[in-house]
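Order of writing sets the labels: A, B, C and D. Residues in every chain begin at 1.
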Amino acid sequence: MTHTTTQITSPPKPSEILLHLGPQHPLQPGPFLLDLKIEGETIREAELKIGYIHKGMEKVFEDRTYIQILPLTDRICYLASNSNNDVYCRGMEELLGIEPTDRAKYLRVLTNELCRIQSHLLGIGEYTTDVGFLTMFIYMVREREGIVSLLEAITGSRLNHNYARFGGVAHDLPPGYKEMALKTLGELKKLVKSHDEMLSSDSVYLKRTKGVGVLTASQAKELGVAGPPLRATGVEYDLRRVEPYLVYDDLDFDVITQTDGDVFSRVKVRLLEILESIYIIEQVLDQMPTGPYKQNVMPYITRPAPGEVYSRIEDPRGEMGMYIISDGSDKPYRFRIRGPAFATAQALPPLLVGTYVADVAAIAASMDSCTSEVDR
Amino acid sequence: MVDENADNEMVDGTRDIIEPPKIDRTIMVALSETFKDGVFDVDVPLPNRAVARIDPGRVKPIMQFLLDNGFDHLSCISGVDHPPDKMEVVYHVTSYSGPLVIALKASIPRDDPKIDSLCDIYWNANWYERETYELFGIIFNDCPYLKVLLLPEDMEGEWPLRKDYAGYPNPT
Amino acid sequence: MGIFVDIYDAIMNFLIFFFSTWELAPWVRGIVGGAVIGGVFGGALVMVYLERKFLGDIQSRIGPNRVGGRFGLLQLIADAVKLFTKEDIIPANADKWLFIGAPIVALTSGFLMVAVIPFDLLVIKGNEYALAVSTMDVSILYLEAVSALAIFGIFMAGWGSGSKYSLLAGFRNIAKMIGYEVPLGITIISVAVMAHSLDIVEIVKAQSSIWFIIAQPMGFVVFGIALLADVGRIPFDQTEAEEELIAGWATEYSGMRWGLAFFAEYFHAVVGAIVVSLIFLGGWNGLPLIGNLWIPGIFWVIVKAIFVMMGMIWVRGALPRLRIDQVSDIGWKVLIPLAMLNLVWSTIIGLMWA
Amino acid sequence: MDQIEIELPSNVAFTTTSAIHDFIKSSPLQKLVNWGRKNSLWFMTHPMGCCGIEQICVGVAHYDTDRFGIMPRASPRQADVMMISGYVTKKYLPALKRVWDQMVEPKWIMMMGECAISGGPWWESYSTVINMDEIFPVDIYIPGCPPRPEALLDGFIELQKKIEAQQDRTVVPNPADIGV
């Protein structure tokens, strides 16, 4: 795989057109510019141009105290805000040398998995609307509302939860939460199974998705992708299993893999991961220990000792990492965000070359990249 | 593209019979033994994290060595500015088959920040290098497509993430 | 019910008697034509409305319910008022005349189709009068021919807009329609073979005992799929695939020009639904075995057409969009052989019938 | 949709004929026109950030804006409302202005969320443009980070009230403005 596949190298020939998708385009939530050089309907070269909502987060974070950064980490990727909180708090806990309480660990796993479910639901929804299946999109968002309500009951917010704290979490569970959650999740399980059956049996859908945008395992590794696109190729790489954090090593779950590596498998991985997350949440609700959900003295004004940490967790989209360098003051010296969507976005243009214009929507949406996190 | 990867897969298929390389801390010992004067200050602060400083001139052979030993995933490339005279490029390298993350730091002079590109070794280094270039002004030799990625093109040359950047906070 | 039939018959009797005695039958046709175009326009409105409410039901939404009572009956009027009062823009690098002409051509094709559609057969003093603007003995061929004019409309829009999205949509439309006009035509021929006539009136009359959907179910399926492609609805809406080509050939259209283009599509869909109800579902013949229960035939045509329209909306709610190469694949490799097979079948059955 | 087109002057034809407008003003037609416009607000699908997710949610089953006749349209030519639902960066501003110019009159613009209104958490960043109300003629501000879907619906209803009270003016375009 050469680098010429990531960029448009020459001006279009008379038989070719340069087609610009974006920045305002209904392809994905978030602006980006995808330049395609097409001949007829076939894509000859593709180039992805990003940065349209580059906020300069890394610079802003260097000017904020550690606790001020916490709510801002939500905004890195609004669909995985709990994961982002969590990876930041885990990094800070390493720097500060504290350990979250047992109950807080379980609560974080609970919110992370809920977050994964809602992100996958919206991801699948976006994807189905991109292959023209509007009804399934609406069903997915409808089911997502239930999960958003569950998250809202814990954190008080629909999207940017700001829930984890250094060494704990912000709130305990509301009373009667377990029954409410089990009811909603039970319904969701049935609905997801029926949607899965529908998507696996719809012949037009299968025609659109089977064998499209195929990544092999070696290709995916070479492109540096992680998360569902990698697991769809059959590689069992999940940081929850590879590098167990919080209480994931006490919980029973499978790493979902598929073998084909095409668009269909990526969506299938997400669908099955929703079911697996529901299973995890059921265990978490059963095993939830009593005790404090936060430290007795919350470290609000923090001056960690000079040092550095690279913490990473399994985001809904893959490997989310943060590299924090402390110089002993109350603000980080350097704050680097390694987003999973950045890696998948980079892997997009090589996948598009040789496919049809109509597949662009399907492939791009099946990678489920989050523009906000790509641009940061 | 397709043919090339078909070949890769076949190579992988035959390679599976050979014993897979070990993804653990012993790699650090091997690394410092192989590159005696290229790798120094090796430290393992946490069970799954290893840190080392490397000679910026030998970054390519070191990375090639790591890739051959199973560290097939370049996680991240970050720039760090240390005014007045130093800049650091930090490579986080890990593997798809183990939890160990190796952070390799290369110090380069701030007035002439240049280092070799890794695009030949890790395909996905390209965007990370472009990002580091536009934010810090670190030039990656032989990077095939070194131009701005996130910033508008007229902001090239401002290097906003350097510590002495004047445009922050935004004056408008 | 009887009183309505009486009134209806009386009005029709009067009209035909009055004008035919003056030997000014063209005026009858004019009036009927105006009424029919108005009626099909109304039908298109109904279809858009159904699309929003019935599709909303499929998608567990409510659909419009704020203007015009709790069923949102005036929603389309509000849309039309808004579209009429929008600014009129012709993009700088559009080909002006093609851009302006495209919706007109598309809509004209719809109007021309309406000319030969019979809605009822009136028997007055032993003479049969088809309730149509014009009767001709090759009306089904004429219908097929003028419906293809709309393809030019869409390609004019695609080329004239000066936008790459529109251009791609125009290409896709041509590629699609070359493949789908053929099975459409062959199916129509097989219907004509079975009815021993190319006249729609004769085709409907031939269905008085048994509908052609029962006599040649395969033909119905082929015709239905080809018709969906013809009117450009999901799964064949590649020409305006929202996530790929913004709004396809209509990307650069705004205000009432877009309204016209949009309406032309629905107009075609409604005419298509009526044609299906005429050539496969028995037209004004009512239900098989039961007959038309003394209900005016025009009522049966409309009810059947509405059912066909709801079927189209249902398909839209239930299926994703195909890719353009797959569309061509289906057209050439599946539909045309099936249509041929159906032609053989209908020839055999038709000969036995005769 | 070519990038190079950005430099071209937008040569558009105006249909603002004063006679028509006078007639509309002096008759109940204005009310009818306003009624039509306010009940058929099509917004452009243009999610830009966290608020974009709520924008998606508000258009579908649970909050269904179609009840009010509010629908998403992908093409700016057919949209009436543009929602700026996230941070406007220096890189994005030219494209955003162009999209706004492509929309046809009458059009409205809504600022959704803190980022668009005042800059939100990133107001001092090097990459961003603040004071958007000096660049776009903003009609409605919807505060929140991100605003809940209910707040977004409320914003639409406020916009409907605004449209209801609107009087069309006779606009004679300045030839210098349209590049004639």
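Here is the rule we use: contacts are C-beta pairs under 8 Å (C-beta built on N, C-alpha and C of every residue); 3 or more make two chains touch, one makes a residue touch a chain.
Predicted model, so just to flag it, every value in this text is computed and none were measured.
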| item | value |
| --- | --- |
| Chain D reached from chain C - shortest hop count over touching chains | 1 |
| Identity of the chain that, by mean CA position, is farthest from chain C | B |
| Centre distance in Å when chain B and chain C are each reduced to the mean of their C-alpha atoms | 62 |
| Mean-CA-position distance for chain D and chain A (Å) | 30 |
| Rounded Å distance between chain B and chain D, as computed from the means of their C-alpha atoms | 44 |
| Per-residue overlap in chain A, given as positions that touch at least 2 other chains | 19-20, 25-26, 51, 54, 56, 59, 63, 138-139, 142 |
| Where chain C touches two or more other chains, by residue | 59-61, 164-165, 242-243, 246 |
| Chain B: positions in contact with at least two other chains | 150-152, 160, 165, 168-169 |
| Pairs of chains found to touch, sorted by chain label | A-B, A-C, A-D, B-D, C-D |
| Residues on chain A engaged by chain D in the complex (per definition of touch) | 18-20, 23-26, 29-31, 51-57, 59-60, 63, 71-72, 75, 78-79, 122, 137-139, 141-142, 144-145, 158-160, 372 |
| Of all residues in chain A, those that touch chain C in their complex | 17, 19-20, 25-27, 40-41, 128-136, 138-139, 142, 202, 204-205, 207-208, 356-361, 365 |
| Touching residues on chain D, where the partner in the complex is chain A | 1-3, 44-50, 52-54, 56-57, 60-62, 74, 76, 86-87, 89, 91-92, 95-96, 99, 121-122, 124-128, 145-146, 148 |
| In the complex, chain C residues that touch chain A | 58-61, 164-165, 167-168, 171-172, 234-235, 237-238, 241-246, 317-326 |
| Of all residues in chain B, those that touch chain D in their complex | 150-152, 155, 158, 160, 165, 167-170, 172 |
